[in-house]
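Next up: some structures, all given as structure tokens.
Both complexes shown next keep chain A, but they swap its partner, so chain B is in the first and chain C is in the second.
So, the complex of A and B:
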């Protein structure tokens, strides 16, 4: 599946805000949108979800006109603050209930989906959402937002505010979702999500540019104003910016890379 | 100095199992970045709320003394995790003014404080902008500006960098370091980001309602094991890996 954005210009009233954006998002990789606060990342998500309508240009899904209707889900920042059901099961199955599915279908689908999100139904179904840990709450919220399995899943800062274990669990689940869904993520911490086939849309002022992981890392190492990577990473890799296979921002990967370079 | 003396806290006094904090004793000093870390749900935010007086300890005593500020407007301020919980004004200027207006200050004093706080966070030309137009990161910066305008003696930051972009994180730590050097405001930062640990001078590690570790960052670096849910920053891990190879 491929979601194509062609010449998208976003405006607020008479003011041109962002664009032209030309980008394509596919399944099978994580699509990351990166940029400064207020640069329009969340607005772009709202546009894709159909909430922001002031724009020109065209969006296609698999080369057909894309109309955001039942084929997309958008999860806002801190989604767990708006739980409105008493149990985890009720929260996650809510959208199935309002789609008039039969009770046994709802039960089967919800239990399957809870499992996908690492929340076994035997342990979690009857728990109160507000009694869970931060990482669990976040997973319940994301499970509830995606249970209709839309083709396009939009996530706004899914890892923010979680501890390291919560972040790792969640990024694994998101990676596995990306196999069959187009997953587009707005993030301030791309280094937590980046893997070798991530695709990055970088928003800088009114301009946008697409990067593969290697080009993004290489540019960021050379210019911390472009994107500030952690100091230890830049310090260790500044002599290898021209490498075609820079390691991702993890200690082990960097150690392996440096070892390989020494042996060359 | 903030001193916790055998402080316990539980939400339901009748249930033994509901303890969030169990007789914890520790202290925070001004002139350093005090970090408070631990996994989700270990009691970090409870400590923050106890310090600013939003909660009262079930047992034990919390003492806050101030050796530097002669006449603070109030003692300690807090920046919540989610900025939307904290913003009350309709515009940036209104929000910074809100706390000040409640201290019965003259309008000159209020305007002076607003301008000082706004310029620290580059809001000086944005005072009339509605808060609804701000991004998540800008809202978080506004909350910090609104609290700093009150000139508190301590500020507890509850995961202040979680919604900031990486550029703003650098700015944030510059501001914090200035406050620490000037010793005007005591700083406690609650964080789960391993990268923030680099910025701490002292670290207090909380695990299941008990203090697991409370000492300097150098001593923390030497720890052999950490409680579940906490990790060393990737930079430290790399140092260790490279050392092992040698």
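So, the complex of A and C:
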């Protein structure tokens, strides 16, 4: 599957806000949208979800016109935005209920999905979503938005407010979703999600550019104003910016890379 | 110059605004017996929008919110005799539209504090019977101000449904049925919000028990007297016509 954006220009009233954006997002890899606060990342997600209508240009899914209508899901930065049911079970199963599935199918799928997102149904099913911790709320929101497994999954800061273990768990789940769905993620911490076949769209005001992982890391190592990577990573890899395959921001990968370079 | 005048009329004393709102609602309810008077009075209200910097077109468009009510009332009023009475239906419609316009404009040009100030003054005589006027005024103002909050909440839920993959275009009856089970959670959340609001007010020292000072002093100016004078003329003219 491939989602193509051609000459997308976003405006608010008479004011041009962002664009032109030319980008393509595919399944099988994590599509990351990166940029400074207020640069228009979340607005682009809202446009893809059909909430922002003021734009020109065309969006196609597998070369057919893309109309967001039951084929997308969007998880907002603030997970509470999407809560409106009285229990976690009702919250997560809502999408299945409106799809007219049978009750036992709904129960089975919901319990399975809660487990996938690290929420035991015995513990969480009857809890009031607003009373959960920040990390639990995020898991419930992600579970609720992805249970229908639509073609396009849009995630706005999915790892914000989570502890390190939670971030690792969720990034694994998101990676597995990306195999069969087009997953587009807005993030301020791409280093937490980036893997070797990630695709990055960098947005900075009217300037937008697509990068593969190597080009993005190389540019960020050379210029911290472009994107500030962790200092330990930049310090260790600043002499290898021209390398054909830079390691992703993981200590183990960097250690292996440096070891290989020494042996050469 | 005209902008200054508009600002003056918009920022009338809260008591004048409240008083005018009540008076014009009474005028539309009891004096507009014929459709011609109703039409003229509605045109007068629309004309007054120019003096308080409100969009006339938007106000007219907002009538669609009560369109169903207008149609039902027109049918009932029109068929009250042997045959359909257009005059009856029209005069009733103009009266309802007038009340709607006046109430809409009043809430648009009044801040929450101004509403509170007016209702506190209205309920002041109740103090003689040991009833706290400020408590009743606050209850009324919050009740008015919570309606947009409810509307926002419904809009948020619609967005949340679409964000989960719900279809944008569904049959309105089906979507209404789907919405029914959500009414209780919406009410629960509204009550929780009101508790949060009460806590926020209390931690900032709000109490209806003690006398409170006002950050903004409201005074009567020439524009207040001018509007009251014009209103009096209108009442006299209408009484004469009657």
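Throughout what follows, the second predicted complex is superposed on the first by the 241 of 264 C-alpha atoms of A that agree within 3 Å, B and C clash if a C-alpha of one lies under 4 Å from a C-alpha of the other, contacts with A are read in each partner's own complex, and residues count from 1 in each chain.
The rule is simple: a residue touches a chain if its C-beta (ideal position, glycine included) is under 8 Å from a C-beta of that chain, and two chains touch if they have at least 3 such contacts.
As the structure is a prediction and not an experimental result, all values here were calculated from the model.
Of the two partners chain B and chain C, more residues of chain A are touched by B. Legend: residue contacts after superposition of the two complexes on their common chain; A:50 is shown touching chain C, with no touch to chain B.
In the superposed pair of complexes, A:94 makes contact with chain C only, with no contact to chain B. In the superposed model, A:161 lies in contact with chain B only, and not with chain C.
When the two complexes are overlaid on their common chain A, residue A:81 makes contact with chain B and with chain C alike.
By the touch criterion defined above, A:64 lies against neither chain B nor chain C after alignment on the C-alpha atoms of chain A.
Of the two partner chains placed around the shared chain by superposition, chain B is the only one that A:228 touches, whereas chain C remains out of contact. Of the two partner chains, chain B is the only one touched by A:258; chain C is not. Note: residues 81 of chain A belong to the chain B contact set and to the chain C contact set alike, using the contact criterion stated above. Residue ranges on chain B touching chain A, taken from their complex, read 39-41, 81-82, 134-138, 159, 162-170, 192, 194-195, 228-231, 233-235, 237-239, 241-242, 245.
Across the interface of their complex, chain B is touched by residues 35-39, 42, 77-78, 81, 133-135, 157, 160-166, 188-189, 227-228, 230-233, 236, 249-252, 254-255, 258-259 of chain A. Per the touch definition, chain C reaches chain A in the complex via residues 156-157, 159-169, 178, 182, 184-186, 188-189, 192. Of all residues in chain A, only 49-51, 68-76, 81-86, 94-95, 98, 130, 144-145, 147-148, 150 touch chain C in the complex they form.
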